[in-house]
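Structures follow.
The two complexes that follow have chain A in common; it is paired with chain B in the first and with chain C in the second.
And now, the complex of A and B:
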């Protein structure tokens, strides 16, 4: 008869070593947090922070009866904002489609040179926010709608390009082979083998990006790139908080409406 | 008896909109919109032409970035951005865990569910930059306002995805734990937490990445970080310093994206 080995009477979720490592990880995270917090708040003026609730109540009090008559001045800028988003999306799509075909593994003409370049374009466009693009473009081509449109277009390249090249890489190889077997040229393979497969995804991505662009174009005016953000900036500078609340409500309504439109359209397409 | 006339050429069938009348109506609508939209865009072409020279200067500055002459400002902005990113992600995730649990219909009673879902909706509806404007007005300029903004935005993001994830867990495991007579706290700890933890860590890393990108933006409205430095550099037409800052942002975002996607793959 063999000896019965001793089992621990209390079940525990992790081994002692695992627990130790876990605790070590948490302590390291807390230490890092405290260190970062101290670095960050080195120059904070605590008097202003203590004063914040009073400031908040003050601003809230000034915002509360929104000045509805200000709406009349907002329809023009709202139209501009929608144009920035729509024309910007269009420009972004026009630039993103070739980049996506260059970046996709199965359609790129040269994997050595053009594919890394296309991937870099996508990453660079994605990592710079549209507000920063607008800041640069306002300095370069001057304030106005054009800067906003180009900023939105440049920011959209990365988003549309990335999702589209992933869709191209996921196309069904059998259909492409079938087209190739008929003796089609490369351009014909693209047009009859790949394009029909990615069409629904393409429209879905475009509508989705248009929705995001509406959101982003509402604030581009803060750096001078036109649209309703210009009115927001003007109202903030003159401390006209009752106008700010009207603008914010209008922005909120626009965003909700565009989200609804894009959800309906994507539902219809896919 | 003659053969019926078959079409001799093949036409590509329409893919998205099958009804011919709708297609024509939509095409006309698009053309009308474009005429109206392009008509209202006023462009000062003389200004654009003058600006192209400046654009060349900027491209040159981007190709020959100047890291050294403004290094003190750049490093200060970077430290602010990075510390702001980390602290706001930690605080945001810590706050969004209870809200996320409260917003999961299978764990929380109805009234808690509605309160938590409306907190999430408010946080998601407003843009980071707009929130930053308010926090700067309340708390004064500097990274503390940025920290609060990013924490607030993190709550909406993490809490919503966590709540959706909790609602989709495997109910069998939760029922097994419940059958042992576990309390609500034990249920969360032993049935829910192991199932959602990998995804929560993945989402937190992803949010860390997003928060860094956003920290570069909210500096423009005065909430500290590298965005404030960038804004100053562009306002002073120091395009070589601005190019250096943009390259640093791109590099950090790339490193963060690759390492966070690697870590997420490793964890799942």
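And now, the complex of A and C:
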């Protein structure tokens, strides 16, 4: 107990300096917004904008009714798309797992060289969009499914690698210590101390990435990497809007289905 | 027999956790290690199997100085030392049986442990131990499905699966209720007596230590300040270890708490009826 007899009735959440900074921040944000708006509208041709609803209605009108008979030509490319996503995810996982173990603070064999290299691989893979990977790979290994699969795999390394190495770093050290205390070798410590702890996360990440890859692989055809995107591009080029709508609906159905599968699987694992 | 000679540990931060600790634990002796938080109890037992690297001194188990060993030799020697942890430290997502068998990891090649193809003798022994700690019917349950007391029994079985010559026990009852604590301590002391197994038990519950230990060592600021039988642990000795405090008052408080708990249990039982 101190000897204070009168306790203050005033208490404020922020200091005066904090309040000032907060106001300043808001003013700066509004100013930035105004400036960006001006920049954005400078080159806009307002005639086209005004025309937009009519154009949208026109294309929309041409899209219905969808030409359902076109569906027969789509099953093959759809199957290709699913294969690109699935094989690409598989390839990504195979490459990402070792990278994740090299990148994690608690499992990397060399914090000086291998860890930075692994982290760089992860960043490099994540910084390049699947579509750009596909563009590069179509140029390197030619158009077709393989370019799509490799593109998806390369893009997946970063995603899976990053989430997995974070999971490895968050493992409970006590369980690992207990396995070390039994006289287990390094490989045994990994397989008994760490792997069981990251397994649910690992499956969750993999299924989640597969689900993302289904969506990404639908557009890879735009740059010639196979799948349903090829058909989409062909239909767009010939202005066959009733076919475009069939493709878009099919993609939507596939994505909904893959999300449902992924949600169910993740639910079953965790 | 375990011999510590001038064991010291100074952490990188400059904190001296252990200063020149020398102790001998003969075969079959259960030694309790008491002391306030931060006295170095945990560091001491981790320096023995080198989960923490000592900065000086010797740890001699049988006729091997553990401090001087290289990595591969250290792993071989760690098999001789079973360890039991405060919060059980079981691999939560593995089954009870896998956890017990993990005590054999130092003895089997990687492929056997990876495929869970342990030698029949190891499996038989694991069942024997599970039966000994009373968990026979839980063998195929996942470790995280068990209660605290049951998990600590799995921890004991895992340590024993190593066929150890020494047990290191780190606050075995800190996460357990008073009744389960006593059951676990009784089980531990019985098992040590059956096998003539020496044990070092970190324990912060002084009455529990006095009830179950044959010898008590008091640690304060990394130094041994008491070494004797439970009877010799007088008011003065406790003051030397923990600093001034009214120990008789605290013991009375302890009894009072036990009574209050018993009372609460009776009332709960009455409510349940």
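The rule we apply is simple: the second predicted complex is superposed on the first by the 240 of 270 C-alpha atoms of A that agree within 3 Å, B and C clash if a C-alpha of one lies under 4 Å from a C-alpha of the other, contacts with A are read in each partner's own complex, and residues count from 1 in each chain.
We adopt the following convention: a contact is a pair of C-beta atoms (placed from the backbone, for glycine too) under 8 Å apart; a residue touches a chain by one contact, two chains touch by 3 or more.
Keep in mind the model is a prediction, meaning the values are calculated, not measured.
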Touched partner set for A:43, first chain B, second chain C, both or neither: first
Touched partner set for A:55, first chain B, second chain C, both or neither: first
Partner chain in contact with A:242 - chain B first, chain C second, else both or neither: neither
Touching partner for A:181 - first (chain B), second (chain C), both, neither: second
Touched partner set for A:196, first chain B, second chain C, both or neither: both
Contact breadth on chain A, by residue count: chain C or chain B: B
Those residues of chain A which chain B touches in one complex and chain C touches in the other: 196, 199-200
Chain A contact footprint on chain B (complex, rising order): 15-16, 33, 37-38, 40-44, 47-48, 50-52, 54-55, 58, 79-80, 82-84, 86-87, 90, 125-127, 129-130, 133-134, 137-140, 142-144, 147, 190, 213-214, 216-217, 220-221, 227, 230-231, 234-235, 237, 242, 246, 249-250, 253-254, 257
List of chain A residues in touch with chain C within their complex: 172, 174-175, 177-185, 187-188, 191-193, 196-197, 199-200
Chain A residues within the chain B interface of the complex: 13, 29, 32-33, 36-37, 39-41, 43-45, 48-49, 52, 55-56, 59, 79-80, 83, 86-87, 123-124, 126-129, 131-132, 135-136, 139-142, 144-146, 149, 196, 199-200, 203, 215-216, 218-219, 222-223, 236, 248, 251-252, 255-256, 269
Touching residues on chain C, where the partner in the complex is chain A: 49, 51, 75-79, 81, 83, 85, 87, 89-94, 98, 102-107, 110, 113-114, 155, 158, 162, 168
